[in-house]
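Below: a set of structures, written as structure tokens.
Here subunit A shows up in two complexes: once beside subunit B, once beside subunit C.
Then we have the complex of A and B:
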């Protein structure tokens, strides 16, 4: 593979894996959301996001990286390029046993991610890689509704009861410590930008901070530090046990019968 | 002749008028006068249906992240979302019916947690393999389609309209289930075994899906009221016979075995013969004493309690907002 293609694949893995793993975390909420209407809406978002992951994996497949199901189900954790924050569990417990999930954490994580995803998409409209540009245009049609959904949740829970505010602030503080890992373009970041696939990390960060802090301001909240990357950089293949476990669940059936050619 | 305004009629006259409408095949709407027995029967039927859709999401949800390919993951996610959507649609219909009784959705959930409100027998059962996901989507949904289609013409308008949408979506579920089943049936030995084992696990539950034949088996049945008020048009046994006619040949065509040696079509009576299932066991399961009843109820209860603060916050937010407007 040419150096140029390798760099392109790095970016595609980041985009695909982010959507794939967060859609998975979202799908664990199925049947457990705070009310039935949200269950239906959230599930629709998860399907869209999984669909976005499929689109990015397809671009990888076209570049000869392997077929989409193998890419999503058979890679080792260290070859995943998603941000660590997005792979973290929804809370305590397992999705099948005593899930003690934290809705505030889910709202904050999805909200913060949806703002960054929007900024990335806007930048991808100008990507030098034509298929990526086209994918971004398709994705943004659906993403528009996701952004609105999470922003609504975010502002409502931030400006309601004391308890909700307290839970939301805790969640923001937690996500804040890791969010630079989501903004990061990883060790090939400079080359990715040199090829004009997406804008520089610095620009992504500034724009994200600007938009997020505007909303924070309306909620009378201001973060005390700049976003961190405490658990490591997923873009460079650093991950937690949470990802290993997630991938085991995701590939349990697919990997359970190596002879199977069709499911 | 002077027409007496409806609200000045005696109770008997109201009832006769109501039954005339039912006989004529008119649709009853939420705001119409209806006898208590009718309202009660509707609440019972539709809340059980609605909550079954919601509890039915739980066994399949287990397989959402594990579905083997991206395509299957998307398909099963969509299906489970539909089931939650059906639950939502039906609970809204129930909410209108219980509102005059001073009750809300919280009461429905409370009734579920205390096992006063029952849900369908099949959703008390375990689904330990991907084969179960296939059998559920193919045959449990297949059975549900038969009973839901039968009620499309129900006398209660809002229920009929909800069922119309549900049936449209269910036809996709059946296709999804057929596709999962076919893939396994034409796959490796391991895949075939997975499917066969699941069918054996589910057979008795499928046979009991439509409920007992008549009063003798379990002591009571709600079918008679249902037919009297034209909520339904077929008996449990008629539906079961339809199910067997539709699916037994298909199952056999796939080379799968059915765990009932008595099962055969009787040419003389033009009916399927089968080993009578254990109706006492069925009764216990529906009462909330099935293999997975407590676990699934606990899952739903815990998630409901864990997110009480969210619903409180939303209520508070709405009240604040309306204060600003007012």
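Then we have the complex of A and C:
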């Protein structure tokens, strides 16, 4: 593979894996969301996001990286390029002893991600790689509704009861420590930008902060620090046990019945 | 008319009988999913479709259905007819591709067609398919399938569904932050 294609694939893996793993975490909520309408809405969003991941995997397939099913189900954790925050389990704290799914955490994580996803899509409209530009266009039509959905939840819970507010702020603080890992373009970031595939990290970060802090401001909240990357950089293949476990579950489903997994 | 043109015409007619299993009353042509039929060479038909939603689980079924129906109908033409069905996402499918007949069929099945025009951030104005009142409320943007939403009519007190408007809202929008 040419160096240029390798760099392009790195970006495509980041985009695909982010959507793939977060859609998987979302699908674990099936039947557990706060109410039946949310259950329906959330499944629909997960389905769309899985579709977005598949679109990016298809672009990888066209570049000779392997077929779509193998790309999503048969890779080792260290070849995944998703951000660590997006692979974490749905509950904060001690998952094993007390696997309580935390809705506030899910809302905050999805909201913060949906803002960054929107910004990335806006930048991808101008990507030098035409197929990526076209994919971004298609995805943004659907993402419009996802953004609206998570922003509504976010602002409602932030201005709800004292307990809700408390849990939301905890979740924001937790996500904040990791969010720079979502903004990161990884070790090939500079080359990715040199090829004009997407704008540089710095611009993504500034715009994301600007939009997120505008909403925070309306909710009388302001973060005390810059976003961090405490658990490592998933873009460089660093991951947690949570990803390994998720991939084991996924490959069991895939290996057990290949017919059941068809896009 | 050349043989190839006739063939294309027949394929087009066959596609009128293919539906999304979630909405068996409207054909994929009426939904605006057909982008192109091409005769790549003698005996090789390529059908290009636009998926409505990228995560639509019915795509494989639609693909198989198109192949089967085209083959069945055109067997008399050529025993070795090859049919290829591909999905592409450019141009993106938008709800304004739904034909007038398609919209009418949606209405008859209790699903309001998408509004003709719609601006990002503004609420949609969707009439009730039963009593045509505009006094309707959005219950859940995300309905039973990716393409439909659930609304409620405050006039006749019926819940109903509407096609979620999908428009290319961001085309030509300048994003200053990128400069």
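As a convention for this text, the second predicted complex is superposed on the first by the 247 of 263 C-alpha atoms of A that agree within 3 Å, B and C clash if a C-alpha of one lies under 4 Å from a C-alpha of the other, contacts with A are read in each partner's own complex, and residues count from 1 in each chain.
In this section, a residue touches a chain if its C-beta (ideal position, glycine included) is under 8 Å from a C-beta of that chain, and two chains touch if they have at least 3 such contacts.
For clarity, every value in this text was computed on a predicted model and none was experimentally measured.
Asks: Considering only the touch criterion stated at the top, classify A:40 as touching first (subunit B), second (subunit C), both, or neither.
Replies: So A:40 meets both subunit B and subunit C here.
Asks: Should A:28 be classified as contacting the first partner (subunit B), the second (subunit C), both, or neither?
Replies: Once the two structures are laid over each other on A, A:28 reaches subunit B alone.
Asks: Between subunit B and subunit C, which one contacts more residues of subunit A in the superposed model?
Replies: B
Asks: Now for A:159: first (subunit B), second (subunit C), both, or neither, which partner does it touch?
Replies: Touch partner of A:159: subunit B, not subunit C.
Asks: Have a look at where A:51 lands relative to subunit B and subunit C in the superposition and call it first, second, both or neither.
Replies: Both: A:51 reaches subunit B and subunit C.
Asks: Using the touch definition from the top, say if A:142 reaches subunit B (first), subunit C (second), both or neither.
Replies: Touch partner of A:142: subunit C, not subunit B.
Asks: Check the residue A:123 against both partner chains and state whether it touches subunit B (first), subunit C (second), both, or neither.
Replies: second
Asks: Hey, what residues of subunit A end up touching subunit B and subunit C alike?
Replies: Shared contact residues on subunit A: 37, 40, 43-44, 47, 50-51, 54, 262-263.
Asks: Show me the residue ranges of subunit C that touch subunit A in the complex, using the header's touch definition.
Replies: 53-57, 59-60, 89-90, 92-94, 120, 139-146, 164, 166-171, 175, 177-178
Asks: State the interface residues of subunit A toward subunit C in the complex, per the touch definition above.
Replies: Residues of subunit A touching subunit C: 37, 40-45, 47-52, 54-55, 119, 122-123, 125-126, 134-135, 137-142, 144-145, 148-149, 199, 203, 206-207, 210, 262-263.
Asks: Could you list, by residue number, the parts of subunit A that touch subunit B in their complex?
Replies: It comes out as residues 24, 27-28, 30-37, 39-40, 43-44, 46-47, 50-51, 53-54, 57, 68-69, 72-73, 95-96, 98-101, 103, 156-157, 159-161, 163-164, 167, 249-250, 252-254, 256-257, 259-263.
Asks: Using the touch definition up top, name the residues of subunit B that touch subunit A in the complex.
Replies: Touch residues, subunit B against subunit A: 54, 57-58, 61-70, 72-74, 77-78, 80-81, 84-85, 87-88, 91, 130, 183-184, 186-188, 190-191, 299-300, 302-303, 306-307, 309-314, 316-317, 320.
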